[in-house]
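Each of the two complexes below includes chain A, the first together with chain B, the second together with chain C.
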Partner chain A sequence: MKKTAEIVIIGGGVSGLATAYFLAKMGMKDIVVLEKGYIASGSTGRCGAGIRQQWGTEMNCRMAINACDFYEKGNEILEYDDDIEFKQGGYLIIATTEKEHEQFKKNVALQQSLGIPVKHLTPQEALEVVPFLNISDVLSATYCKKDGHLNPFKVCDAFAKACRKLGVEINTYTKVEDIVVENGRIKEVVTDKGNIATNKVMNAAGGYSQVIAKMVGIDLPVYSERHNILVTEPVEPFLGPMVMAFQKNLYIQQVPHGSVIMGKGDPNEPRDFTIKSSWHFLDEMARIACDTLPPLRGLRMVRQWAGLYNMSPDCQPVLGSVDEVEGFYMAIGFSGHGFMMGPTTGMVIAEHILGQESELTKLLIGMLHLSRFEKGELILEPSVV
Partner chain B sequence: MRIEKHPILTFEKGRKVKFTYNGEELEGFEGEPIAAALHAAGVKVLGHSSVHKRPRGFYCAIGNCSSCLMTVDGKPNVRVCIEKLADGMKVETQQGKGDLI
Partner chain C sequence: MSQNKTIVCRCEDLTLEDIRELIKKGYKSVDEIKRISRCGMGPCQGRTCRDIVLSELAKAEGKDISELKMSTFRPPVKPVKLGLIERGEE
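Take a look at the complex of A and B:
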C-alpha cells in the first residue's frame, strides 16, 4: 500500500470507483481507493441496479441522462473484457392515486422537454407494455424505453479494471480507522493496514458515510436504512421493463439471467446498520408483487438479501467539498439512487476536485452542497421510492 | 429398474396410470415420484444444463439440486424427483429455463 497519495477515496462501490476512474483519466496521479470489504460489497452490490431517467426535477433527469449515456457505451469506454449487462427494457411506472396521476403529467412534460423518450400511458396502453399487469387500481403509467438495469458487480469490475490500467491503487479489505485533520486541512488517513499521508479524501462510503464524516468532525444529517430484496428462480424472459410504483412503493424486474428481483421500502425500518433479511419483508413483498403481476405466483423464491440506503433529509445526495475541512469531498446520501447516478457522480466529483467544471458539474455542485440543509434549501423531488 | 424405496421420502405406490412424456404415452404408478416412473420407462435424461446444454439426470432425488426440472401440465421448473405422478399428467422436457407465461 502506498504511504502517500494525491487523494484517498474511501469506498469501493460505484461512486468511489467512478470518481477514481475520472480523476485518473483526467490526469491525476497517486490515487488510492480503500474498501473495507470486497469491491461492490456495500450498497452498490446490494442494490436493485435499475437506472431511470424518469425523474420529477430537472437536476435528477439530467444526472440520469448523463449516467445513462455513459452506461450505454460503458463496455467500450472502459474497454471492458466482459459485459456490464445494460438491459434497456424500459421502466413502466404506475400511478395508483389521483395525486400521482397529476404529478406524472408534469413529470412527463419536464422529461420530454429534456429529450427523454417518455410516454404517458392509459391503463390499456400499459397493458401493451406488460400484458399481465393488474390494472385494477392503475390510473395511468409512464414508460421510457431507454431506462433499464445493469449488473452492479460487473459495472464495478469494469471501473476497477479501468482504474488499475490507469495506475489507481485499489486496496480491498482495508478499513479506515481515522482521518487526521490539522488546522482545518486533511493530513493523513489511518487504516488497519497502515497510514497514508494525503491532502485530499473523498467520502464515498455509502451506508457508512456518516461514520467517515465523523472522523473529520462533521455530523452529517443522514442515516442508513435497510432495504430488502427478494429474488426468484430463473425463467425464460417474460418481463421486459422494470415495473415500479411510488405509492405502492415497489419495483420488480427480470434480470438477464432470468431471475426476477423485487424490492420495497418500509417506513418502520430502524435507523441503523442492520442488513439481515426479514420475514416481514418476504411476506409483504410477495403479496404485493403477486397482486401487481399475477403470473409471479408461479415462481419460487430463491433467497433474500438487504443493503443500506444512505438517507439524506431531502432524499437527494450531497456532492462536493465542505466548508468545515479543506480537502474533504463527499458523494453521499444518495437515498437509494447512487448506483444509477454513478458515472455522473464520478465525472462531477473529478471535475470539481480538478477545477475543470462543466456546466452540469457547476449546477450539481451548486445545488447539492452540504450547507443546503442548514440554509433550508431542500430539493423537492416528487419521484422517489 | 423401478425405484421402490427411498431413504428419505415416503410414497405410496398406487394404481397403474397413464401419462405422457414429450407426447409419448407411458405407464407408471399413481403417487410415485414422476422421476421414478420415467426411470422405470428408461428415460434417464430429464433436462439440460442452462449454458452448455449438457444432459442432466436423476441426481439428488430430494428436490434440492435442480437437475430434474421439467415442465408438467404446462408448469415450468417442476422437480420431478419429488412431484407425485397422477393420471393423465403431461410431462415434457423443458426448453431453457422454462416459460412462465
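Take a look at the complex of A and C:
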C-alpha cells in the first residue's frame, strides 16, 4: 500500500470507483481507493441497479441522462473484457392515485422538454407494454424505453479494472480507522493496514458516510436504513421493462439472465446499520408483487438480502467540498439512487476537485452542497421510492 | 473427461476450470466469486458449489478452509413460490 497519495477515496462502490476513474482519466496521479470489504460489497452490490431518466426535477433528470449516456457506451469506454449487462427495457411507472396522475403530467412535460423519450400512457396503453399488468387500480403510467438496469457487480468490476489500468491503487479489505486533520486541513488517513499521508479525502462510503464524516468532525444530517430485495429463479424473458410504483413503493424487473428482482421500501424501518433479511418484507413483497403482476405467483423466490440507503433530509445527495475541512470531498446521501447516478457522480466530483467544471458540474455542485440543509434550501423531488 | 471440466455449479454450468480461472484473476473469496460469476446464486442456493469453491480458495492460498469466510446463508432454506407466500396467512 502506498504511503502517500494525491487523494484517498474511501469506498469501493460505484461512486468511489467512478470518481477514481474520472480523476485518473483527467490526469491525476497517486490515487488510492480504500474498501473495507471487496469491490461492491456495500450498498452498490446490494441495490436494485435500475437507471431511470424519469424524474420530477430538472437536476435529477439531467444527472440521470448523463449517467445513462455513459452506461450505454460503458463496455467500450471502460474497455471491459466482460459485459456490464445494460438492459434498456424501459421503466413503466404506474400512478394509482389522482395526485400521482397529476404529478406525472408535470413530470412528463419536464422530461420531454429535456429530450427524454417518455410517454404518458392510459391503462390500456400500459397493457401494450406489459400485457399481464393488473390495471384495476392504475390511473395512468409513464414509460421511457431508454431506462433500464445493469449488473452492479460487473459495473464496479469494469470501473475497477479501468482504474487499475490507469494506475489507481485499489486496496480491498482495508478499513479506515481515522482521518487526521490539522489546522482545518486533511493530513493523513489511518487504516488497519497502515497510514497514508494525503491532502485530499473523498467520502464515498455509502451507508457508512456519517461514520467517515465524524472522523473529520462533521456531523452529517443523514442516516442509514435497510431496504430488502428478493430474487426469483431464472426463467425465459417475459418482462421487458422495470415496473415501478411510487405509491405502492415497489419495483420489479427481470434481468437479462432471467431471474426477477424486486424490492420495496418500508416506512417503519429502524435507522441503523442492520442488513439482515426480514420475514415481514417477504410477506408484504409477495403480496404486492403478485397483485401487480399476477404471473409472478408461479415463480419461486430463491434468495433475499438487504442493503443500506444513505438517507439525506431531502432524499438528494450531498456532493463536493465542505466549508469545515479543506481537502474533504463527499458524494453521499444518495437515498437509494447512488448506483444509477454513479458515472455522473464520478465526472462531477473529478471535475470539481481538478477545477475544470463543466456547466452540469457547476449546477450540481452549486445545488447539492452540504450547507443547503442549514440554509433551508432543500430540493424537493416528487418522484422517489 | 478431464477433472477441469467437472461441473462445480449446476445452476450456472460453471466448471472447476472456470472457478480456478477466477481465483487466478484475483477474486479471493466465496463472496467475490459468487457475485462475479453467479456461482451460488441459483435455485440450489449454493448447496453444491460453495463448499467446493471454498476448498479451491483454501488450496490456492495454502490455508485451511476454517481460516476463510463462507458467504452468507440467506433465506429461504429452499425455493418457494411467491403465490404460496402471498397466501401464507390463510
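Some observations on this one:
Basically, the second predicted complex is superposed on the first by the 385 of 385 C-alpha atoms of A that agree within 3 Å, B and C clash if a C-alpha of one lies under 4 Å from a C-alpha of the other, contacts with A are read in each partner's own complex, and residues count from 1 in each chain.
The criterion applied here is as follows: a residue touches a chain if its C-beta (ideal position, glycine included) is under 8 Å from a C-beta of that chain, and two chains touch if they have at least 3 such contacts.
All figures in this text were calculated on a predicted structure; none of them were measured in a lab.
Superposition note: with chain A as the common reference, chain B and chain C can be accommodated side by side.
Looking at the superposed arrangement, the partner reaching more residues of chain A, out of chain B and chain C, is C. In the superposed model, A:289 makes contact with chain C only, not with chain B.
With both structures placed on the common chain, the touch criterion links A:236 to chain B but leaves chain C unconnected.
Legend: residue contacts after superposition of the two complexes on their common chain; A:132 is shown touching chain B, with no touch to chain C. Contacts of A:258 after superposition on the shared chain: chain B is touched, whereas chain C is not.
When the shared chain is aligned, chain C comes close enough to touch A:305, but chain B does not. With chain A as vertex, the superposed Cα centres of chain B and chain C define an angle of 30 degrees, given in steps of 10. Aligning both complexes on chain A leaves chain B and chain C separated at their closest CA atoms by 5 Å. Shared contact residues of chain A with chain B and chain C: 233-234, 298-300. Within the complex, the chain A residues that touch chain C are 37-41, 45, 153-154, 157, 231-234, 257, 277, 279, 282-283, 286-287, 289-291, 296-305. Per the touch definition, chain A reaches chain B in the complex via residues 132, 233-236, 238, 258, 295, 298-300. Contact residues on chain C toward chain A in their complex (touch as defined above): 28-29, 31-32, 35-36, 38, 41-43, 45, 72, 74-76, 79-83, 85-86, 88.
The part of chain B that touches chain A in the complex is made up of residues 50, 75-77, 95-101.
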